[in-house]
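Quick notes on the structure that follows.
As written, the chains take the letters A, B, C and D, and residue 1 is the first residue of each chain.
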Amino acid sequence: MDLATFKKDVWGREVILGASWDLLWLVTVAAFVIIAGHAIVMAVRRREPKPSSDGERIVRHRAADRIFHWVMAASVLVLLVTGVFPIIGIEFPWLTIHWISGLVLTAAVLFHIVRALFWQRLKCIWIRGRDFRELFDSSVKPGKYSIAQKAMHATVTVLVLLVIGSGLAMFAMIDTPWWDRSNSISEATLGWVFLVHGLSTLALIAVTALHIYFGLRPEKLFYTRSMISGWISKDELAANHDPERWSPGKSSS
Amino acid sequence: MSNYRHIGKDFLPPDIVGKVTGKAKYAEDFSVDGMVFARVYTSPMAHGRVTNIDTSAVAEMDGVVGILTADDLPPVEAPNAPILTNSPAYIGEPILAVAAVDEKTAEDALARIRVDIQPLPFTVDPLDSLVEGGPDAREEGNVYVRTPEGSGFRTVKWTREQIDEFRAGNEPTGVSVSEWSYGDLDQGFANAKVIIEEPFVTVGYAHMSMEPRTAMAYWQNGVCYVYGSAQSQSFMIPGLATLLGVEQKDVVLISENTGGGFGSKIGAYPMMALPAWFSKKIGRPVQLRITREQEYYIGSARVGFQGWIKVGFAANGRVTATDVFIVEDIGPNATGGDGSSAGEAVSIVYDPESMRFRGVPVLTNTTPRGAQRGPGQNQIAAIMAPIMDKAAKQLDVDRLEIRKINAAHNGTTANTDQEPVTSAYMKEALDMGAAMFDWPGKRNKPRRNGSKVVGLGIGQGYHSAGATGYDGLVRITPDGKIHLHSGVGNLGTYSYASTTRSAAEVLKCDWDNCVIHHGNTEANLPWSSYQAGSNTSFTHQRANYVAAMDAVNKLKEIAAATLGGNAADYDIADERVFRSGNPGQSMSYAQAAERAIELGGLYSGQTWPGDIHEVTQRAVQNLAGSGLIGVAKDNLPQEGVIPGFAVAFTEIELDLETGKYEILDYVGIAECGTVIHPQGLATQMKGGAVWGMGMAGHERHVYDPQNGLPANVGYHQCGVPTYLDIPANLRTGAVDLPDPQSPFGARGIGEPAMGCSVAAVTAAVADALDGHVFNRTPISVDMILNHVAGRPQSFKPLQTNNY
Amino acid sequence: MAVNPGLSRRRFIKAIIASSAAAAASNAGLRAAFAQDRPSGAVERLISLSINGRTRRVDVLPQETLAYTLRYKLGLTGTKIGCNRGECGACTVLIDDVTNYSCSTLTHSVRSRNVLTVEGLQDAGGQLHPVQQAFIDELAPQCGFCTPGQVMAAVGLLRANPQPSREEARQAMSGNLCRCGAYDNYLNGVMRAAGQGT
Amino acid sequence: MASFDVMPDMQLFQPAELADALNLADRYREDGWLLGGGQDTYGWLKDRAKSPQAMIDLNGVDELRGIRDIADGIEIGAVTTLIDVIEDARLQRDYSLLVSAAKRVASPQIRNVGTLGGNLVQDARCWYYRRGLDCYRAGGNICYADSPQGMNREHSLFGASRCVAVSPSDTATALVALEATMVARSLDGERLIPAGEFFVGPDTHITRMTSLKPGEILTAVRIPAKWAGKHFYFEKVADRNAWDFALVSIAAAMSLDNGVVTDARIVCGGVACTPYRLHDVERVVTGKSLSEDTAKELEGLASKGARPLNYNHFKLPLMENLVRRAMQS
């Protein structure tokens, strides 16, 4: 299966048109297989006792970060729906919604980057060599973020930056309230832009699916709760994290 | 002219029956055994260099017979148009050809061939190339100069300020490469009461003849038989021989009918030679019928103008001075010359007391340009008419009067060296037209009716209309038939036939007893002129006259030799030569032909005059001994400019709400000396009228400047006028006063017939809009709407090849 | 395939094969075999055409246009191809007395219909059709390339409306271009042929 | 890029039954080309700009042809030729708006074979698109017409989204004004589509001009009785008076109650990718009489919200003028 589709440019030369949307099915199936596989494994595994959510509450996500997360989540979902549905035959005027949510996503991401750079400890989400021990030795507990969460964050970071970058370039090809299209990008370059946008979108579809799946897993549900209400319990902390590596302050409650 | 027997009478052109029955054969209608069909691959890029041609995908294709590329052909040096090229300079330039058992297979093959082209800078607007730092249409330069000292490419640039000044409507200060003048220009403007100064644009457009030029060719014992679409017949041979790299005697051109020329098929052109080269390569007859789109590409187009003109008028309307500057859009192949022709037209039609012309022919990567019906004369006619009216208004002179006071007459002098004219009766033409049109009456009619406004226009057209020095050939055979050999092409004017009638007139013979030979080199045709520049009628009336006179002299000499006495004692009548005063002592043309064969020598073509062209010599050689041969070169005296004039009066109704106008009435008057073929003249005047209406309101090249793409490659997009875009009736007339330098007084008319029309219409539009001059052709619906609504036009000043 | 009235899957498939085979193969036996019962309307290649009153058997590709068949298969070159786009009218012929652009008509769509081209206008004695004669009298043709189409358009008009007004004629002829601009002469010819000499 | 003009190899089906046609349409989907009069077909195919596997000629299907009275108004089969529409006495009497529009289509030869359905679903005339370029409408990722230097005189003023081509159909404007319903059939059954929704813009579907889905066949057009014999006005302004497309056209249907407009549907062609309804004009004109004064009140309404391109702003005054003429008709 090809990664890209091709077209002729204005002078009849072959150039890239964009990502091959046959990949959409590949991606969907792949995501489904991984999720199903994981679910089965987890089902047969013996359940660990679920740590209690009562007692002392510890702040995991500040309001600003939670808002950022959900804004980003919403815009990504809207972008996926408006971007992909027309391709699978569900037709509606999608472009305007698409580029507006694209701008929302861009703003959110900028906000997050600035905040992360100047107000937060970058390295708590940075993957480091020793994190890998988590994978083999269940006694090794992570700091604030597990290696899985760090990996997810890293992947999303890369993909979203690619989508945003290519997406912004595409503004040269459409009219907006602020400017008219310029057709200034050569068709060959444009092809690459569309290809990057398409491929990173396809990857995002899979990653998003996994992210949602893990967020809904019973043993991980408290993380989702923390992304909504901000806190986790002392037990949850003890069961999943190494106090040496992450000892957050108590919540005011 | 009733004292003539044939001149001035209608007749049945022998080819017309074939035209209404479908039996008339055009190049594409011939087919021979083993013939294969070619298709050409044309450049998708406005300017580039072919880096690779990959034909591997077609090598094994069933039915594909061969591929021809530029590498199979002798190199051609620019600006001459190559047959096939590896360095295309316009979209649509032929790069390769494929031959196959049928057209579909050839196209299937084309679809699989890969051609890689490296793009080069290109331009579709001369001013974009003329400005400093602008792209050049060719690597050799952006201007082509033709001077007596020598011709060649040059790179000419103006500063951005100079371009902006020009666009702003001011006198161009950039360099020009051609210039001529006469009289004292400054004095002329000093004497002027009113001076009109205008920038102007005439956008070029495609010829779009009905027949997409087709050619079929094969070789037989070293002789190449070409079935082509040609505007001329004999005149094509030298050029064709050069294109094929053979001697003239080894080329046979069959061109019985031609589906329109209008200047696009004057000389031998590359596409005509392609099948011959292809046939040489694959050893089979090859037919090439190009597509309509390709006819747009290579069928040539009118040169576009971006200019500035300043005209001074004395109080009585007399033109005291004219200063013209023209930037010519000459396409990629350095044709043109329209600019200077425009200047010459002004110098004779309005006869300014002083004048200057300056011009720059700039190359663009648009379709190749060529002569198109009134090349230069008609563009300037369209621009001048409203300017004359503007002056008339300011001087409070009648629009007809201002034309009459400047009208060309027998004393008019023309061009830079102010030559005399052979004759000119523009004033008479204006009077005749005004009467037919009822100028005074129409002028006083109410002008406004709801959203509709009436506009009246007077147009004047001119083109030089004659040449000399070509050959005539007539032959009388023992069966008494008079054979009129015509090397004139058949592009629809019937001049190939009408000009031979002067031979019949001289020979005092019955038309039904005449046989015209034409349309095939093997029919032994004399050397003839280019069927262009409206020259055929004048030129070949003379050539046929001298040939017929030669025959008459030979008849008399033969009679004297046979019946006694001197040739001078003899006269001719009723196809007999008899002794004056003793009609009994006579012999028939048939008997004279018999004797001519017996006598041989000059009489029956064993020998011939030394000054006739080799084409004619071969014809005579082949005819030797078949009868009495009358052959001669036209050495009749000729001096001065031979003018063809036409004037038109038109009434339009312009709808201010839709921007559309309807042409209600049209009167076209020819001033081309004696009328030799009334019906033929009328059709020329009407056809010219339609062309003028197309140029005035519809037709133009449109190119996308970013990608160099042509917008209008088809009939609909080109805006060729339909039945419903012209008046339901067209009226014509002719002054019919003989020209002294033509045996029967005729001059040509084809091109002026159009110039007067486009001029009348542009003037009428200006009249309907209270004298607003667009200084542009075509004047399209959008321009009128924007003007009426007080909106700016969409194009920037002097922009060309645009909507 | 869902509900499939009037056409069973078997018949349908067969038709498909038939057509592709017919399009590809030129084997007469094959074609004959597919001649009968073609429910979905796949076309055979060897067909009979009624041209100028004569029945002609001719091998026609499924996608072939009438102009192409006339000129290249039947040698009727009177019909001209000026644009091959239905924009100029040079290829105009009459199909059941109605003017058509033959460059934009599939030959297969004129089976069992009467095609009249410019070659079919003269009567048995070679007498010119009144329109042809009128066009000669008015010196209507110039280069003549559009003339066959103009003739057929005029004949079509006069069959539908023997006494047209000049305006009606102008409208009826408006699908035929003449680059020489002989419109006025052609109109005069039409009126003359209609017995309303100019 | 070669220039072609011979029909390439292709299958042809000439079904006699609608059922067979529907099966073929369903079988071939995007690879099948439904053939009416074919006047907007052969150019595409000869140019090889579109390459279907098969042509499905609908002219043999009798039930798709003809004009018949129905309970509420009149029904016109999709392959009814334009000349039959023009010459039909009932249409001339009750729905002359459609007749006037059909009369202005292309040329006599094209009206002789061109079908109503074909005229409605004909493709955009944008010259870049017709050139066979891979633009948005051709499934590409760029529009050449709407660029800083694009030659877009014929292009759209309203509703453009990436593609700026306009709806070229003359009959479409008339049928939207007449509140027609399009009848579409597929193997899944029948779909009734109001004319207003039948034509879709590039914002929704950039490679199609109608809401017809692959496998669907437009079988008929129904015009409701409510507009029978009402006051109509049609005008088309094109560069040429034959064989040309509207720069701007207007189709107006108005019910008058002694001179006062009680209901109006006014549609412009050539200004948007679909027939463009002048809702504001309709609203304001309702309750007023057709007059110079009404026309004055409407000034500026028709072209409100227009987004002119480089070369097409002349269409604004033209729209305004045509509305004025409709009001004075």
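Brief remarks on what is shown
Assume a contact is a pair of C-beta atoms (placed from the backbone, for glycine too) under 8 Å apart; a residue touches a chain by one contact, two chains touch by 3 or more.
Everything numeric here is computed off the predicted structure, so don't read it as measured data.
Greatest Cα centroid separation from chain C: this falls to A. Chain C and chain D have Cα centroids lying 27 Å from one another.
Once the centre of each chain is set as its mean CA position, chain B and chain D turn out to be 42 Å apart.
Separating the centre of chain A from that of chain C, both taken as means of CA atoms, is a distance of 64 Å. A separation of 71 Å divides the Cα centre of chain A from that of chain B. For chain D, the set of residues touching two or more other chains reads 1, 5-9, 107, 144, 147-148, 150, 241-243. Multi-chain contact residues, meaning those touching two or more other chains, occur in chain A at positions 10-12, 183.
Residue numbers of chain C whose C-beta contacts span two or more other chains: 61, 84-85, 87, 171, 173-174. Those chain pairs judged to touch are A-B, A-D, B-C, B-D, C-D.
On the side of chain A, the complex with chain B involves touching residues 10-13, 183. Across the complex, chain D is touched by residues 1-7, 12, 15-16, 19-20, 23, 39-43, 61-65, 68, 84-87, 89, 92, 98-101, 103-106, 108-109, 153, 171-175 of chain C. The touching residues of chain A, counted against chain D in their complex, run 7-12, 17-18, 91-96, 173-175, 180-183, 187, 190-191, 194.
Per the touch definition, chain D reaches chain C in the complex via residues 5-17, 19-20, 23-24, 26-27, 35, 38-39, 42-43, 45-46, 54-55, 57, 59-60, 106-110, 112-113, 187-188, 241-243.
Across the complex, chain B meets chain A through its residues 44-45, 116-117, 119, 706-707, 709.
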